[in-house]
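First comes the structure, then the notes that go with it.
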Amino acid sequence: MKTYINEIKENDNVDSSFLVKEKSSGITKTGNAYLKLKLVDRSGEMEGRIWTSVENFTGTFDKDDFVHAMGKAVSFQEHLQLNINRIEKVGEEQILFSDFFPTTERDVGEMFQSLSEVIDRIKNPYLSKLLHLFWEDESFVKLFKMAPASKWVHHNYLGGLLEHTLSLVQLVLINAAHYDGLNLDLLVTASILHDLGKVEELSYHRSFDYSDEGRLLGHIILGIQKVEDKIRQLPDFPKELSTVLKHLLLSHHGQYMWGSPKRPMTLEAVMLHFLDDMDAKMNGIQQFMRKQVQEGSRWTAYHRTFEQYFYLPGFSVDMQVSDNMYETEITEE
Amino acid sequence: MKTYINEIKENDNVDSSFLVKEKSSGITKTGNAYLKLKLVDRSGEMEGRIWTSVENFTGTFDKDDFVHAMGKAVSFQEHLQLNINRIEKVGEEQILFSDFFPTTERDVGEMFQSLSEVIDRIKNPYLSKLLHLFWEDESFVKLFKMAPASKWVHHNYLGGLLEHTLSLVQLVLINAAHYDGLNLDLLVTASILHDLGKVEELSYHRSFDYSDEGRLLGHIILGIQKVEDKIRQLPDFPKELSTVLKHLLLSHHGQYMWGSPKRPMTLEAVMLHFLDDMDAKMNGIQQFMRKQVQEGSRWTAYHRTFEQYFYLPGFSVDMQVSDNMYETEITEE
Amino acid sequence: MKTYINEIKENDNVDSSFLVKEKSSGITKTGNAYLKLKLVDRSGEMEGRIWTSVENFTGTFDKDDFVHAMGKAVSFQEHLQLNINRIEKVGEEQILFSDFFPTTERDVGEMFQSLSEVIDRIKNPYLSKLLHLFWEDESFVKLFKMAPASKWVHHNYLGGLLEHTLSLVQLVLINAAHYDGLNLDLLVTASILHDLGKVEELSYHRSFDYSDEGRLLGHIILGIQKVEDKIRQLPDFPKELSTVLKHLLLSHHGQYMWGSPKRPMTLEAVMLHFLDDMDAKMNGIQQFMRKQVQEGSRWTAYHRTFEQYFYLPGFSVDMQVSDNMYETEITEE
Amino acid sequence: MKTYINEIKENDNVDSSFLVKEKSSGITKTGNAYLKLKLVDRSGEMEGRIWTSVENFTGTFDKDDFVHAMGKAVSFQEHLQLNINRIEKVGEEQILFSDFFPTTERDVGEMFQSLSEVIDRIKNPYLSKLLHLFWEDESFVKLFKMAPASKWVHHNYLGGLLEHTLSLVQLVLINAAHYDGLNLDLLVTASILHDLGKVEELSYHRSFDYSDEGRLLGHIILGIQKVEDKIRQLPDFPKELSTVLKHLLLSHHGQYMWGSPKRPMTLEAVMLHFLDDMDAKMNGIQQFMRKQVQEGSRWTAYHRTFEQYFYLPGFSVDMQVSDNMYETEITEE
Amino acid sequence: MKTYINEIKENDNVDSSFLVKEKSSGITKTGNAYLKLKLVDRSGEMEGRIWTSVENFTGTFDKDDFVHAMGKAVSFQEHLQLNINRIEKVGEEQILFSDFFPTTERDVGEMFQSLSEVIDRIKNPYLSKLLHLFWEDESFVKLFKMAPASKWVHHNYLGGLLEHTLSLVQLVLINAAHYDGLNLDLLVTASILHDLGKVEELSYHRSFDYSDEGRLLGHIILGIQKVEDKIRQLPDFPKELSTVLKHLLLSHHGQYMWGSPKRPMTLEAVMLHFLDDMDAKMNGIQQFMRKQVQEGSRWTAYHRTFEQYFYLPGFSVDMQVSDNMYETEITEE
Amino acid sequence: MKTYINEIKENDNVDSSFLVKEKSSGITKTGNAYLKLKLVDRSGEMEGRIWTSVENFTGTFDKDDFVHAMGKAVSFQEHLQLNINRIEKVGEEQILFSDFFPTTERDVGEMFQSLSEVIDRIKNPYLSKLLHLFWEDESFVKLFKMAPASKWVHHNYLGGLLEHTLSLVQLVLINAAHYDGLNLDLLVTASILHDLGKVEELSYHRSFDYSDEGRLLGHIILGIQKVEDKIRQLPDFPKELSTVLKHLLLSHHGQYMWGSPKRPMTLEAVMLHFLDDMDAKMNGIQQFMRKQVQEGSRWTAYHRTFEQYFYLPGFSVDMQVSDNMYETEITEE
């Protein structure tokens, strides 16, 4: 069982897995070699030291490896430090990523299943085949279930991309039904694919950052390329459909200034942009509110990206009425 | 029965109502006085002339009056002109505004009834009372049912404000249910009230334009004032609720550049802004597409306000699948 | 008599009033409870400790209270600390706000009197009555005399709002006389009222910050509401006059980007904007120069809001000629 | 005596001066040469024809010459045309520029005299000498009295530069007296010189346009050069004074976007910028209102440069109180 | 031989090829059917009429066809009109595109040969193979030689894309040699490929406009896709090389606002952007100067895209010195 | 010989020159006066102390003087400190500026010679004379050889202005030869003079910063003034040539926002702007890459002025082909 770093107290005997974020060697005043480690998990980080049998351990693991370590927590210069007796590398399959990185609170399998059911309802044969090609691509699916949706602004946790995608698809379904004449198959397909380039734009197996490809090309282009890859396997895919689908992906940021080389030119593209932007902001602000509202205040700290403060009204609980009541009535219409 | 101007042909005997847009007098080469009129209805405009008994008619009606006119359509310099034998002023109650101005295609009574039902479901007693005060204000209700939502960008027809408001309320209901922790009563109330200043910002009894108050203060401020008027009649109305409600109205344009003196600072305000903007654009583009896509092209003309072209995909009909299918499945969840 | 914190030296016996900014309790190594305070006044802040009779004092005052404290200043870890023997809460009426917060250097009573005299000269009966309603509103007047004009950019001290308002009125009087056809009553009234929303936008009884209403609505809207409140008490107040007066308040920031939802559309509004902006900048830069020009340099530090440096020419004293000479001549014309 | 073009009626015998805007020759159907002219003055333009003795007149004047013409006004194709019998070139000294171009309504001599009196009061010997060098430069003075202040936005008439300069100097004098610590000699000098580059930036002897130098360098740089020219004749002129004076000229547009390569960095520069901008806008809007408010409306047409409409309140006359009353009281203080 | 439309005079017998821009049928007053055509070539356009044997010709050609027509030019209502006796459709292979559209003045074959020689010098085997794949793709080469580089701003004539590409490659070669450490193979390859998406972005077989794909995706994305297509045929193509090459294409517009979804992040990308922008502007301004400088002026008309005027110095010829002299000296170094 | 500060180790006896950046006096615990110095050179800075014979040294040198100091390096509180036995002021002529400030790696004399040779090839007699006037101005030449080109963005080292100027001239020569119709003499002259105002804009004899004139007027205006100074000595210098030359200097930043009061209006001005901007960015990024790419990464740190990261492709060395090959081929054409 995982012991979280923020739970460890002085004199605890620790026996748990960690991620090695830094590793270097030193020499004690008495001339002996020792190893200095920085150990992390999702709850925090602490120093680790290996004072004995250094030669047995030093070559067995590296920076960025997951390890299993046993030792005792001691206090040194007002900080806890783990004096390690035994340590060994463990594979990714032996740990839970959610022990090491912030992770969606929702069930990944259920979310993926919900998306799959939406795909099954698509009637347009080309779009249906296209989506199934992605779904049958196991290495893609693995990453798609794991990737965060951004480095820090919104859905910035493992599974965040999937959570945001499902959320957007659901928003698109309910909003598109509100207007006449929209092509729902197109909209749903574009919603599912709109951010898929993020599986390559970000690196998230050890920490969240941009990959080289992510910085140089960006998720919009990476996504277009992946879609083109699959369309190439569908020789009859209509050209106009392909062009319009890519247009929706290209333009979903809405403005040149926000990184879209084209602005939305179809009704579907306009809707996709608004709902994607709204979902990202709603999630981002909700998370920021959870972390950044200080006791005794209804104001968050200053949000650097949005360049403003946010406010949580004080009456939000008392005045809330049942959502169901509204929903029931509305769906009756 | 109304005869529309664009249906009148040379030599027709015309017997119908018109709006007098211009009125002036002239002198024929033979020295006789005559009246020159410009007559309009929703289908177009034409010249009118009164050559005889001018003294009997000249004082009986004015520019901007509705009139009933009888006469014969003749061709003069390649344009049709109505030579009028009889003309008399008619009151607004004798004509249908929809014969003279572009008008919503939806039933105003039904839309208003739908909004009323939503109001009845609001549980917060203060917001409920506030909305009922508006609904009991007959002169407000009359204007609210009649006003367009803008001069030309979106819902620019009689009844457009009501149509846009109902649409936004419905969008808010379905989208708010998608997120946790939103105050639906607040959101619904703000949606209903968000554009109510437009009943005064625009003038629309003879043509669509801005009123003096509209240009000098704008619908956001005019709306805030109207809300404040009603809240004043509710002495116990909580101050924070009043402040946050007004914040939602103030910030619904989303950005300083778009005329909001504050940017959205609560989750409800963020959602209201996105859905309002989306609904305005979706309606505006749909209408623009109806009028501005030329035969043989899938592109609209250049949209001056949005500074771009829009595209109607050619496969929109063929690939459309049943909306119901999606909806049914989704609401099952 | 007030002893200022920056005057206290080691071993001084102190007997003075302070504002309690922070208050918490601790346990000494020997197991006794003590109180830790942070004491502030306009000159600085210092630590305070109550080591004895803690139970007698602890419930008698709170954070954000003004207190009278007696004790001895001792040095602890290179900082002065006040060991307090006696402490008691004092009411606001027993202290001078100017001992605790930066305060205008001008006489508040005289400034208010000058404004009152200007009001007495207004001939327009509606504007005159409107201003008198404000002047007769004692709670408003009290705040209006006390409020700063901003959190930090200009006139950021108690009485700053009044000082800025009077300054603007004087500027308006002399500049309006320079042009033909301006409505002076309107301009003077709008100048007096232009920032009155700041009495609610800012909180300034314990430190300078934005109030909730200030952040959510802003002083422009708060001011419009206050004006509307008073106008409501004057049933004959002409509608166009009310609209144009509010337009001047709304548009006085001049640009959408600076928070005005309307740009100035009348000559009076244009002038009000320029002179208000000029007065704010002149005061803000003058104050910044006083504090931020370092010895041996004529350059200020970098001004974060204005994003630039300012320069004090070195010849400013030597080359200065008598202002009077110019003034006399000009008023002769 | 000048006969204005807009006063000429059919069959009038005309005997007056005009400016020849276009000149070309033609051949009548009967094979005779004739001259086609376009004649203009400040009131309008008309066609001119010389049918006889063409060979006597053709070489005696050119396009852009002033001429004295005698002939008869006839109607041709619904337009008046002047059939000319005699025509001769006249020198600039024989005409009044104000007959041909829009001209200030104020007395140029008096305005110049007012400026001269201000200069005489400057005590700083270097600034005083600098200004006198300009005043003694006859060719400069001639152009300075004649130039407009802009092509079309404000003071766009002969004498407009002088009128704007005097207005700015007066504004500076009254506003600078309102603040402590400003260097009035510096401010007055910079005000007088701030736009002097416009005597070269614009061409205005035949029509208002930009000169080549004006377009390529702009009046700010042209003005700096002229000032540098004169300072060069004053060997003791202090370097810092010269630098700061030039800084005021350089930065008087206030922002990079408005063509100033430096933003105002001294208090004097800040004030100069605001008052110059205010005076230009006040004059520009006043003139626009005179020409562009249509009967029955209080709104101007759309102002292309300012991108908005302007409003003339309807109560401006009735509610106006005596300026003198205010002024008298204020100057007593 | 082609007879150009702007050379045709009244009563000429015409026997030449034209492009049919419009085609419709009418009825003469005597009840006979006739055909109305609008004929164009690169020199202008004229009306065409077929009065006789209409039934023989009407189905043999369509709008947007090239035709060979014989007939007589007559004058009708002050315009020339071609009364056609015989007309027949001709294939594209029978006409010269340069007779119908503006065309580069340089030799297309020679330019292509120059580019080919540069390609032959590329040593990097992957980039070399990539470029040869394009060069071996005949349908691409045909379009690449024919496409203009833009609809109207620069190189807006047939062959313009090739001309601009060659120019950019030459600029890159001489500028890259000036700096250390640049990867010339990468730069040259990116220069050759940077605008290749324009072969699909624009349509230019009948008139210059954007294609549907061009408007919806843009030449940057279309180009990336084409490059990806070819790279897919080179299985060993290094991934980083592919990423960086695409980055250069993506970022060559330099700014988000100018349609690049990424800004240049490598030295090569920075140089490519500057030289591409410079070459486009130099060509665009040179062409604008040729057409838009009016006699007697050194100023062009106002350039709508660049929002300014341009100036041709008057001394450009006289003061020009031999380029060779400079060049010789420099290359000696 | 200079001993660099970063080479000094504990217990070294030091005998070298330094720049005194700070100087103050203190009192030891035993009541003796001592001197505290901060000594700097191009490699770093260290503390200096004079404990003995203080009265002999204290008046012999000042802050910002160069000194020769002898003493011993000791360790105090983990930092090295120089205990000085002897110290004396030395003149600028006795030290090498390159020992104290970052300095170009290229040979200043050779660079200046290269520029001189270009000047000798200019045929236009006025431009030639103008440049020779600068070259004969010894005090100018001395500063021109020494000045950096900016405070920190590019060529920010002694000799940087000369290096950038020569680089730009070479770029201009090779690029101008690529286009027809450019005036090379004008372009070369403007390139040589474009940044000459920087010799006064920056101060660089003790550290790099802006001078008062630099901040108040900027190098563009300072440069124009210097050029005007010299042109004044050439009475026949043609006015249009002078105007256009100054236009090139004024507009070389390309945009209002970047501090140019005019945008480029001639072909030569357009080219000058692009190449100047490119050269500054290429140098700035190259230098940033040298210092700011961390081991194990190909990404630089975040560049605050350019607001982005830069990337050094990993294949840059391996794939590099010979520049000569390209060059040879090209110059053959």
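So that you can tell them apart, the chains are marked A, B, C, D, E and F in the order they are listed, and the count of residues begins at 1 in each.
As a working rule, contacts are C-beta pairs under 8 Å (C-beta built on N, C-alpha and C of every residue); 3 or more make two chains touch, one makes a residue touch a chain.
Here the structure is a predicted model, which means the values were calculated and not measured.
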Chains touching both chain B and chain C, listed by label: A, D
Co-neighbours of chain F and chain A - touch as defined: C, E
Copies chain D and chain C - interface residue numbers shared by over half, same or different: same
Chain pair among A-F, A-B or A-E whose interface repeats that of B-C, sharing over half of the contact pairs by residue number: A-E
Length of the line joining the C-alpha centres of chain C and chain E, rounded to whole Å: 64
Whole-Å gap separating chain B and chain D, where each centre is the average of the chain's CA atoms: 46
For chain D paired with chain F, centre-to-centre distance based on mean C-alpha positions, whole Å: 45
Shared-contact residues (touching 2 or more other chains) in chain A: 212, 215-216, 240, 244, 265, 309, 311
Pairs of chains in contact (touch as defined earlier), listed by label: A-B, A-C, A-E, A-F, B-C, B-D, B-E, C-D, C-F, D-E, D-F, E-F
Contacting residues of chain D [partner chain B, same complex]: 298-299, 309, 311
Chain A residues within the chain B interface of the complex: 114, 117, 121-124, 167, 170-171, 173-181, 183-186, 188, 238, 240-241, 244, 263, 265-268, 270-271, 274-275, 277-278, 281-282, 285-286, 289, 308-316, 319-321, 323, 325-327, 329-331, 333
Interfacial residue positions of chain E with respect to chain B in the complex: 212, 215-216
Touch list for chain E against partner chain A, complex: 212-213, 215-218, 220-221, 224-225, 228, 240, 243-244, 246-247, 250, 256-262, 265
